[in-house]
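In order of appearance the chains are A, B, C and D, and numbering begins at 1 in each one.
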Amino acid sequence: MSSHYEKTKAQRSSYPFFLSYRTRWSDNDQYSHVNNSIYYHLFDSVVNAYLLQQCELSSHSAQIGLVVSSHCQFFSPVSFPQVLDLGLRVVKLGTSSVTYEVAVFEQGRDVPAAVGGYTHVFVERASRKSEPMAAALREGLLRLLSVKESLESKL
Amino acid sequence: MSSHYEKTKAQRSSYPFFLSYRTRWSDNDQYSHVNNSIYYHLFDSVVNAYLLQQCELSSHSAQIGLVVSSHCQFFSPVSFPQVLDLGLRVVKLGTSSVTYEVAVFEQGRDVPAAVGGYTHVFVERASRKSEPMAAALREGLLRLLSVKESLESKL
Amino acid sequence: MSSHYEKTKAQRSSYPFFLSYRTRWSDNDQYSHVNNSIYYHLFDSVVNAYLLQQCELSSHSAQIGLVVSSHCQFFSPVSFPQVLDLGLRVVKLGTSSVTYEVAVFEQGRDVPAAVGGYTHVFVERASRKSEPMAAALREGLLRLLSVKESLESKL
Amino acid sequence: MSSHYEKTKAQRSSYPFFLSYRTRWSDNDQYSHVNNSIYYHLFDSVVNAYLLQQCELSSHSAQIGLVVSSHCQFFSPVSFPQVLDLGLRVVKLGTSSVTYEVAVFEQGRDVPAAVGGYTHVFVERASRKSEPMAAALREGLLRLLSVKESLESKL
């Protein structure tokens, strides 16, 4: 995965899981657009919603995912009170770690306003030591892995 | 308006305007429920969405609303990834100020998880001096004022 | 305790515990001042810092404090990148609950920009049932209770 | 600049500008550590504080900086109520853009808990078109540019 996205290549059809988020008044900073930090709050939200709803993660799971690196590219501003569609896919799936890509679309638009993502390392909740991810978790994440990326990630 | 709500009296039908907000991962604090401060972010969001969409407010309006006091009562916890329905009404409408009440409902429930609100004083954008609210603004807010409260607010 | 403060009565000397908080860029909303919701984040911060540092609370304590109601009055705006001094006192101390008052001062000023607070009910961490607060906790909170308020709270 | 940092190479002495930030209760997410998104709020804060205090930027400047990409690597967790020292330097300085690097240190520690940064493109406030940065701004940013990076940025 390159760290630089080509804006026009990130299409809605590339992302198998979507959730819509209503922006909040305080998401806008004093430049009257959604502050860059807010995108990361949204990334965390769509990822963890998927883990809870599709991968048998719960608030008492033995494993939790810790973010070890994150990044985002911002193509065009968005503003409260817009509703944003967040598309999620997996671009790299390892034994104990996964790298997500998230695209942020304004409603009704096919070109993303921003694309970013982060890498989760799964750890045992109490010790915070990394360990191979649970089977149900891995299966859920596999469903978000595109064929093209799947091949790439084996290289 | 009493500052103490009776939980069972705040029903969905009391609120003429509703918006749904998806909670975010970071809304939960370390007690695994939505932090008390987040409710105020949501109050601000539903109020300002209404002002922008129903009262001809814009990001360049001559008047802006400044919050002079706010309050909330918390009846039961809510948690990410729940979707919350926010009901809005006006409980007091003056010449240059308005007091909103906002009720937070979990989806599918009729008893609110929290009820609060705040008072906006409208001011001229640059000088920040209070002034009578614009006609379109007042008309929009009147539509959120219940009959019962309307009478009370004249006392 | 009245829910309406007299701005000029809240002096720095009324608050036995202080912490300073540097504002953050995103605290400012699109009106270029610290958003009203942010004050509640700061209230939570000074209260919990006191509980952790002076009342033997820890991230594994058997008891946790849940906020049941909160409120704030805003007298004058503050803006990033100001540093804010937060003064904390206890205005009501019960068996299982405590009501804090927090005043927000700009550095170098003696009149607060805002005064508010909230009520904590202490509960057993797992069951979330209220119970009398632990002795060390109560002692720590007693040290923040002013004589005048102490008498009032007995009435 | 590589997008992957070597943790041990980011020393306090590499960063010419520092500000300390007190963490807030709600910075901790339900895993009881500061949420990954919060680091970006802090990046924005130290950068904009520097621009306002050392580069003649003001809330009415003709130019504003828009974030076009950001990234962070997280080496070890931090938690409320810690105070964090944020070190800032410039790693690339162009005609209309600048790339900052920010390191997050726990107080008393010389190895960072996280290192990240972002790129600002300066634009005319109203049109949002990029333009060469003002002289005072560029001079202020030059003072944060290390010699080694300065040479690299000329290549």
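Heads up, the rule we're going with is that contacts are C-beta pairs under 8 Å (C-beta built on N, C-alpha and C of every residue); 3 or more make two chains touch, one makes a residue touch a chain.
Which chain is which protein? Per UniProt: A, B, C, D = Thioesterase domain-containing protein.
Predicted model, so just to flag it, every value in this text is computed and none were measured.
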(request) Could you find the chain whose CA centre sits the greatest distance from that of subunit C? (result) A
(message) Please tell me the distance, in whole Å, between the geometric centres of subunit B and subunit C computed from their C-alpha atoms.
(response) 23
(request) Between subunit A and subunit C, tell me the centre distance in angstrom, where each centre is the average of that chain's C-alpha atoms. (result) 36
(request) Give, as an integer number of Å, the spacing between the C-alpha centres of subunit B and subunit A. (result) 31
(request) Would you please write down the residue numbers of subunit D that are in contact with two or more other chains? (result) 25-26, 30-32, 35, 37-38, 41, 44, 59
(message) Quick check of your reading of the touch definition: is the inter-chain graph here a line, ring, star, complete or other?
(response) complete
(message) Which residues of subunit C touch subunit D once you look at their complex with the stated criterion?
(response) 19-26, 32, 41-42, 44-45, 47-49, 52-53, 59, 79-81
(message) So in the complex, the part of subunit A that touches subunit D is made up of which residues?
(response) 3, 30-31, 35-38, 40-41, 44, 59, 64, 66-74, 77, 118, 128
(request) Quick one: which bits of subunit D touch subunit B in the complex? Just the residue numbers, please. (result) 25-26, 28-32, 35, 37-38
